[in-house]
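In what follows, subunit A forms one complex with subunit B and a second complex with subunit C.
Up next is the complex of A and B:
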């Protein structure tokens, strides 16, 4: 007899425990280049979580995630350079501003039908990049903004600065863990259930009193806020932002993480972000063939695992737990 | 009980291009009533339903619910604030979700009155969901679906899905339910069960009904009053006995 997994149930306690133990010991297991790849994966996990709320839970395919990622990166860079604000302020401001900007963008875009909505969200990334390139007095155009300070935390009279790769890894890990908890709480809430109802059948959901339009705009804003958080972390890590922060390839990477990992699951997206960012980094050994190999891997995954890796993870846990 | 009818529709009209799908229909449903709506295919019954429930907006006419004008309200607002629900002929359940989740979703609009409250993560929200789950299990057991409550609703038979849909609509404690062909495509044994459910909800839970149904035996047995539509207009209205002998109705059905 088949049963249906409920929202958030895929994130089982043993999964979380194993992941936490592995995560804590990672700097001793990996070299600095591999640790760098893990930091990139953790950074991309944030916008991917946001996109998963949209695509995986609410059923809205969006390519705008790189636009909010870029907005977050620029907000952080401008705040840090002009106002010397601490990391935590930049992070929260980036999430908040990206979320707020999503409102005027989402109101007209979400009136469109599915395919037109995808095109429209693609437009947001292109417009974002054009603004970053051409609003030179603020963004310095193609030169970008540089010397973004390493994250520092003012603690009373002391201040603690994260300057090593290992330090930044642990910082990213803490942020990713908090984000995971936030997503878990959202999808387990009654709102998460309504989001799934909208994904499954919007008209039926509305007939049962679910205000689909309001949920869609709210989820679009939450998704954008996650994108902004990722951008802020990225800016602090690279210490540089350029108009290339707004790139289509970021949007597609985030989409691949969600769809390949397992839309509508948390564990799948965690797995996806490590697999696909890791794959992309590992393929740097053959720069000419990198994108071709990446594409072939995607094709293989789509054919072999059409629902992403989440069902596989679920089966693995059942096997370990001795169920069925 | 207030003086106004529970549902009062006045001169409802809706055209699609040059076709007048509904052409000035007035109809009312009294408190506690089961009212039937019949008519040949293409007579405008479904369009009438869609306009009355906010799925599409009428060109003209008024819809009042217990004296309150709800013309122009959206589908979800009418369900949530008016507590007037409707079923669909084809879309019946959330196929990928299990039976229990289907019912819990339907109950949430009643337990969580606004969008912000649905993001609640505290003990209060969990308690409310838990009580919805208890209510859902009672309805599932009453509908004879206990064995399949954790199955994806889409894997069940058409008749079972209709029972799930009906049980779902009882979750938010509605005042009025508009049923669009509840018996279409289900076997005769289940027809009896669906009819019993409708009667039970009407008698014990005080839910009023407006029912579109092609099966004339079902309509005449369930409804005290029947309205007949033909070509977008009201052709006749009366008790089942009056309707079955009505000459105009017979001609409309036989294409005379």
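Up next is the complex of A and C:
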């Protein structure tokens, strides 16, 4: 960076500070409905991060994210309802179980090439929904699981329960921040570079000693774990879980966030999450035309910004940094 | 007991024929575009809706309604093909997925916007039962099987004998070489896409009397049923698609009868996964294009 010509006004630090201040004061700036949309965007950010590791960094186009989102939601709901476990336990258990379930699913699926892999992952969502619908003794079928308790933190004298929208916003913000840090650490580690090598040319990467198969299965599991975390947060926020949590539409929304935002970047995915969830909510002003407009926007973005918004964000970031 | 089985297999062949006509278009489009068309079921829906409008508002007889359904779909498909599908040529798989998802959203919700989201009674077709070898089968179902066989024979003849068919095969093998020898890849893509959409529309218009109702969301289910079929059939393989569709149709019908109706819609993907574990490239060769 030191070699880059600067015109003497590096505003990156102040810019980040303003963003952080904005994030902290958002509940005072927005109405409760807008805040709700922001929480949804932060919730979807987690599975989108997982998908980004798969599609953006390792080059595996997966539609299975909604399956792990659903698994996470059900794990959390069952734990919270039957065992009254605290939120943090539910959250971590959801991520862990979704990640573990991804192993037996990933082993056969990852042997497949391109299109077959996409279809196989799509199948996980459809079969997940069928299980949620028909395993009535556990999931109560289409009735779903309701009255999932609000997130509680039993910390002795400092115990508290998050029950307001504002409180939930801060909770999601903290979780999203931790997740962002985790993803950042993964992608800038040597492992992250190996993932990119597999994306660019798997055979070549293997010839250089990158164990591609092991990487792919581990990334698939990490991606699933992020999906599970998102599902757990979603379940605690909505307090109900139904088989519709396993929705193809969720998978496609997450894919749109990653591919439209900027695969293989962190800032692009954050931007995509807010853009597409915001777009979907903003279009509610015209409910009949909402999905038509959403589809048209999607088409416009695909052909206008084929690499997502990442290049634009990159340019803006450099401009803020004062590069000429 | 035995007769129930035979009857269910027959029913399965009928639904297999419905899927086969839709899936063959999808697999040909995949052949030339290398893109999964997530909007393909929407053309099935458009065909059914076109026919419904013709019967309900213009009072046309059923055969004319089928033709109207196909024509309307063809026009829409040409517009979509010209505006969107031609741009997918040579693009990444991600672009294809996102673009066709966008098309599916627009088409499906435009129909819901215009006609409302409710179920509509389809008043037409030949629903009188006929007896064949001692089985009662609605005439319409017999018609579907016959049309399916005719469609596949015609397609086989077309891709083998006509210039357009040979061009389609050529593009599915190597688009770059096609450009070199003077085949207009964009035009072939547009033709293939329109043909595939028309086949889906034909299937939709033929099935509407059997389904009794039409509704805006009906295409999505068909998309998800045909996706496993085209993979099992070996992407781009017309004959393989036919057999895969029949296998799936019969399997669905048997599962619905002997295991439970609620598992019917998972049969496709469950079968697909089992098949892929055993043969990662599908049941039929992906090399034998068309």
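The criterion applied here is as follows: the second predicted complex is superposed on the first by the 304 of 324 C-alpha atoms of A that agree within 3 Å, B and C clash if a C-alpha of one lies under 4 Å from a C-alpha of the other, contacts with A are read in each partner's own complex, and residues count from 1 in each chain.
The rule is simple: a residue touches a chain if its C-beta (ideal position, glycine included) is under 8 Å from a C-beta of that chain, and two chains touch if they have at least 3 such contacts.
Everything numeric here is computed off the predicted structure, so don't read it as measured data.
**Student:** Sharing subunit A, do subunit B and subunit C clash or fit in the superposition?
**Tutor:** Subunit B and subunit C fit side by side in the superposed model.
**Student:** Who does A:186 touch here: subunit B (first), subunit C (second), both, or neither?
**Tutor:** Only subunit B; A:186 stays clear of subunit C.
**Student:** Where does A:262 make contact in the superposed view: on subunit B (first), on subunit C (second), on both, or on neither?
**Tutor:** Touch partners of A:262: none, neither subunit B nor subunit C.
**Student:** Go through the superposed model and pick first if A:47 touches only subunit B, second if only subunit C, both, or neither.
**Tutor:** Neither: A:47 stays clear of subunit B and subunit C.
**Student:** Quick one: classify A:203 as touching subunit B (first), subunit C (second), both or neither.
**Tutor:** first
**Student:** Applying the document's definition of touch, where does A:243 land relative to subunit B and subunit C: first, second, both, or neither?
**Tutor:** A:243 sits against neither subunit B nor subunit C.
**Student:** Which partner chains sit in contact with A:127 here, subunit B, subunit C, both or neither? Use first/second/both/neither.
**Tutor:** Once the two structures are laid over each other on A, A:127 reaches subunit C alone.
**Student:** After superposing on chain A, what angle in degrees do the C-alpha centres of subunit B and subunit C form at the C-alpha centre of subunit A, to the nearest 10?
**Tutor:** The angle comes out at 80 degrees.
**Student:** Identify the partner contact of A:227: answer first if only subunit B is touched, second if only subunit C is, both if each is, neither if none is.
**Tutor:** Neither partner.
**Student:** Regarding the shared-chain residue A:215, is it in contact with subunit B (first), subunit C (second), both, or neither?
**Tutor:** Touch status of A:215: first partner only.
**Student:** On subunit A, which partner's contacts cover more residues, subunit B's or subunit C's?
**Tutor:** Of subunit B and subunit C, more residues of subunit A lie in contact with C.
**Student:** Nearest approach of subunit B to subunit C by C-alpha atoms in the superposition, in Å, rounded to an integer.
**Tutor:** 15
**Student:** Once the two structures are superposed, pull the subunit A residues common to the subunit B and subunit C interfaces.
**Tutor:** On subunit A, the subunit B and subunit C contacts do not overlap at all.
**Student:** Residue numbers of subunit C touching subunit A in their complex, please.
**Tutor:** Interface residues on subunit C, with respect to subunit A: 30, 36, 84, 87, 91-95, 97-99, 101-106, 108-110, 113, 224, 227-228, 231, 235, 260, 262-263, 265-266, 269-270, 272-273, 276-277, 280-282.
**Student:** Quick one: which bits of subunit B touch subunit A in the complex? Just the residue numbers, please.
**Tutor:** Against subunit A, subunit B makes touches at 53, 55, 74-77, 79-80, 85-88, 91-98, 101, 104-106, 108-112, 115, 117-121, 125, 128-129, 150-152, 155, 168-169, 172.
**Student:** Can you check the complex and tell me which residues of subunit A touch subunit C?
**Tutor:** That would be residues 55, 61, 108, 111-116, 118-120, 122-123, 126-127, 130, 133-134, 248, 252, 255-256, 259-260, 263, 288-292, 294-296, 298-299, 301-303, 306 of subunit A.
**Student:** Which part of subunit A faces subunit B closely enough to touch in the complex?
**Tutor:** On the subunit A side, the touching residues are 1-4, 6, 185-186, 188-191, 193-194, 196-197, 200-201, 203-212, 214-215, 218.
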